[in-house]
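In the two complexes below, chain A is the common chain; its partner is chain B in one and chain C in the other.
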Partner chain A sequence: MYVAVKGGEAAIENAHAWLAEERRGDKSVAELSVAQIREQLALAVNRVMAEGSLYDPDLAALAIKQARGDLIEAIFLIRAYRTTLPRFGVSEPIDTGAMDCDRRISATFKDLPGGQVLGPTFDYTHRLLDFKLAADGEVPAAPVRDTSPAPVPHVAEFLNDEGLMEEAPHDDTPPPDLTREPLEMPADRALRLQALTRSDEGFTLGLAYSTQRGYARNHAFVGELRIGAVPVEMDIPELGFSVEIGEITVTECETVNQFQGSKTEPPQFTRGYGLVFGQTERKAISMALVDRALRWQELGEDFVGAPAQDAEFVLYHADNIQATGFLEHIKLPHYVDFQSELELVRKLRREAMQNTMQEAAE
Partner chain B sequence: MTQTSDYNFAYLDEQTKRMIRRAILKGLAIPGYQVPFASREMPMPYGWGTGGVQVSAAVLRPEDTFKVIDQGADDTTNAVSIRTFFERTAGIETTTTTGDATVIQTRHRIPEEPLSEGQILVYQVPIPEPLRFLEPRESETRKMHSLEEYGLMHVKLYEDISRHGHIATSYAYPVKVEGRYVMDPSPIPKFDNPKLGDMAAIQLFGAGREQRIYALPPYTNAVSLDFEDHPFEASKADHPCGLCGAEDSYLDEVIIDDDGTRMYVCSDTDYCEGRRAAGFVGAMAQAGDGEILTTQRELEITA
Partner chain C sequence: MSLLAKAPEGRVAQLLDATMKRPDFSWLRAPEVGSTMVRGRAGATGASFNLGEITVTRCALKLSDGTIGHAYVQGRRKADAEAAALVDALMQTDLEPSIQQAVLDPLNTEHAAHKKTRAQKAAATKVEFFTMVRGED
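For the complex of A and B:
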């Protein structure tokens, strides 16, 4: 005997209780602390901060713990939290030229002022599983030497001096705010970059890769990649000057792209730009390539129909919180809509069968 | 959700609510027009009713009584989740009785019981753009709306008729509002479409992920698109409700045994319960345990 389904509330509570138990896992294994995640899974923490648009390593680590390591779920937790935060003001633009670089490399010049600094990179590691880590994660201290804090100028400036680099005119227009205004097309570059910096790493990587394989190819060189801490300053109206309120680590990537010139521009190098919270190098490079592909219009290039050129396509589908929500919502009950489809398909089939039978009889 | 006191009434801060209310007012002033709004990330996923939740949060007052339905039912999991969310963040009264609610948030249904003045019906909308599946670009569809260029939609409906003999849209069936904007009524079955027009209650539509709000003020004209020789037809399963015997309600089809035996019951659980409490008894409610009076085999197309 069928009775109308009841018990959704109890089912949800029980599911949550089971989830909490699964999250903790085997209790004979020590529990992870938020500090352990923050210190030892730092790149996961960085990704959550970047795509969550909230710079707070402790909260990101907490979100990763709560999400059982599902980074998109963790990003979602951070996004939902950040919307509840009051907005006190807007910082001054950070000066990445004054960055205290942990890593700074250029693929376009063998050596340059400030030098090539590899920093803590996986780049030249051999990807062999280190079974020592399974037993004991202790490592000897890395060698240290004193360095003089010399300025590390941006590589693009050297090309700029020669007039080989497209100019990036100074612009004081306040950028639009993606989190406070609905995204509307056409989107200017500031808005596009804002969307890209919080876009899904995988999606952005795939798009960037597609440009390398010929879908709107733009011949990118990594002019410079730098990772390090920059001070954040905020103008305090009561004081009349800006004060340093903290420090964030960011990854900045400037690509130098070959450009044959167009109807409107002479042959020169053009720029793609990526700036992402934390040590998030793959994302920053991807962002720079996609940024460059999206600039086809202002550079007078042809639209070749490549996905990475299509701002509507890129910006409306790059946010993993929007994407995963809409994708996963098809798990929700749809039996009302499905019922109306059932009725329709039955009706259409009935008519089609009748027609076939009639034709056979004739 | 344990430290709810840290959040403002109905979760959103007052500035955000004001922003949403402005969009709602604009929507009411231009019925059927999609107003862009700066949708916020909510603590439930996009696609699970964040647009409806934000609209509800913006219109709810402490004295309101709130009802949430999903597929017509108060007890489906997501309806339970949203109702609990507002119980916790707004501390408001909730109800399952349609007539007692001042604000009703719904997904995919309009309640069977006619709504009255003073009530607000809030729809959760997945894709607010009725032209989206004909033209994927937002920049293009906005242009089409502003030029009132709806030929593409009529061609689509006409092609359905020439191919199938019927308009092959059974839910999210587009309506024209006050002779101007073509509007997506959210994925309600087309059975519900006639209730959209001339409704006494305010109807608000919220699409969180797509950042759009639109509205139908009370007693607004909303006509389902059709052709003179193929008039719009509100359809439902051709059965009475097995539990309450209602012949006028939208029905869900339920498979009740391993042989695939079907049963049809009201999708609006409050309507069905109300009728049963008033003494109406459907054919299958009389049956003994496990015994089925009427059976309906799958796809009786040869009949």
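For the complex of A and C:
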């Protein structure tokens, strides 16, 4: 229970002034610019955009600076800002098949049209600290190789031809939107995907890992992982046609999962899907694994009681802003609440003591 | 409009101002910042779902001869939206060829060059597999 408490204004003001000073840190060290954060801490920026559910690298960089690098606090700032924006409309679904891929790999097929493109990855680095970065050094330009535009079809399409892959038929039903309607159960796949794409990376990673370790095991391969730019197209009512209004970088992961078949489906490969703003590969893979685990019902699998299968558990605990809001509120004044608890415990103790004394007397 | 929407900050204004003095106009809708909900599709091809929003700035204006220009640009960029709407309006006037040449062609070239550079860097990270032949003869 909250009770309005007065007082402490001066203390709060001074605390915020000190926060601003601590944020700046040692003034003999150069101040970080928002552009530096945007360019050089790009993966933090990407995470804030993905979980803040608003694609705007400058705003995300500003939020990271304001939050002193606390990414959940930064995500909170972005979510709060987002609610102030009027919504002009919704885009056409982005076409990830037409992505300009910076990276595109498949763990299931070695030779595939479009090839295995590693992109700017941490994979195959030795994970040794690079002390050259501590001194400011020039970075040599990345090598280039001549190339001509060629289609990079989705891996799922190859297996579709044989009927070995579960299909994902086109469906233009307007999806539910949890930023407009509260998240309610049962949640259909569109709603689950929206919740997962903005979910906390750590929580989603933990759940995805649990499925790999045997809780709702569904044996996932990364059929395909791609990162790159896609145009965003929106219908403009005053023009009467749709135009590209921007371009975003997204990470897409499609898993290929073993499936024995069920009463309704023949044995085939099934799919889990992850799509996340920015270069956010760990999150996209995690999302795909959790998406697949949550699909047990529609695929006619057994519910084995694993956390990753439980949509209510997953979706109601995946949002780090909801979670941190509720978690951190318990540090705010609960004096009256606690006063009544104190009274209760004192009363119970008094009664218990009296009973003991009475028993001892008898 | 797509080139204008994606142009780097300040670039459209720079190209426009280098070619002509801006014409007089009145606002039909002053620049405003808002968002667009971006959708994706489950499994890339299936049912659509809401992925998240992007920031967008839009405006509409009318030149003194009555020509209307619209702009939707990505991000929070009111000055860029104004320049883009002016270009959109001017493209419907007799100045179309010169605006095309002075503003849109350079934007197109720059955008294509940017894309090409990234594609070339990506191509350099494409894996070439070697088949190891066991020497048993």
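Going forward, the second predicted complex is superposed on the first by the 354 of 362 C-alpha atoms of A that agree within 3 Å, B and C clash if a C-alpha of one lies under 4 Å from a C-alpha of the other, contacts with A are read in each partner's own complex, and residues count from 1 in each chain.
In this text, a residue touches a chain if its C-beta (ideal position, glycine included) is under 8 Å from a C-beta of that chain, and two chains touch if they have at least 3 such contacts.
It should be emphasised that the depicted structure is a prediction, and the values quoted were computed from it without experimental measurement.
J.: Given the touch rule stated above, what does A:283 touch, chain B (first), chain C (second), both, or neither?
T.: neither
J.: Give one of first, second, both or neither to describe whether A:86 is in contact with chain B, with chain C, with both, or with none.
T.: In the superposition, A:86 contacts both chain B and chain C.
J.: State whether chain B or chain C is in contact with more residues of chain A in the superposed arrangement.
T.: After superposing on chain A, more of chain A is contacted by C.
J.: In the overlaid three-chain picture, which partner chain does A:342 touch, first (chain B) or second (chain C), both, or neither?
T.: Touch status of A:342: first partner only.
J.: Would you check which partner chain A:246 touches, where first means chain B only, second means chain C only, and both and neither mean what they say?
T.: second
J.: With the two structures laid over each other on chain A, which partner does A:238 touch: chain B (first), chain C (second), both, or neither?
T.: second
J.: Looking at A:97, would you say it contacts chain B, chain C, both, or neither? Reply first, second, both or neither.
T.: The second partner, chain C, only.
J.: Given the touch rule stated above, what does A:292 touch, chain B (first), chain C (second), both, or neither?
T.: A:292 sits against neither chain B nor chain C.
J.: With the two structures laid over each other on chain A, which partner does A:110 touch: chain B (first), chain C (second), both, or neither?
T.: Touch status of A:110: second partner only.
J.: From the superposed pair, tell me which chain A residues show up as contacts to chain B and also as contacts to chain C.
T.: Residues common to the chain A contacts of chain C and of chain B are 82, 86, 179, listed in rising order.
J.: Which positions of chain C touch chain A when the two form their complex?
T.: 1-2, 5-6, 32-56, 58, 60, 70, 72-76, 115, 117-127, 129
J.: Show me the residue ranges of chain A that touch chain B in the complex, using the header's touch definition.
T.: Interface residues on the chain A side: 1-9, 11-12, 76, 79-80, 82-84, 86, 179-186, 312, 316, 321-322, 324-329, 332-337, 339-344, 346-351, 353.
J.: Residue numbers of chain A touching chain C in their complex, please.
T.: 49-50, 53-56, 58-59, 82, 85-94, 96-97, 100-103, 110-111, 115-120, 142-147, 149, 154, 156, 168-179, 189-191, 193-194, 197-198, 229, 231-232, 234, 236, 238-239, 243-248, 250, 252, 254, 271, 273, 275, 277
J.: Can you list the residues on chain B that touch chain A in the complex?
T.: Contacts found on chain B: 6-7, 11, 13, 36-43, 45-48, 50, 70-73, 75-81, 84, 107-109, 126, 137-139, 164-166, 168, 170-172, 187-191, 209, 211-212, 235-237, 242-243, 250-254, 256, 263, 265, 267, 269, 272-273, 284, 287, 289-290, 299, 301-302.
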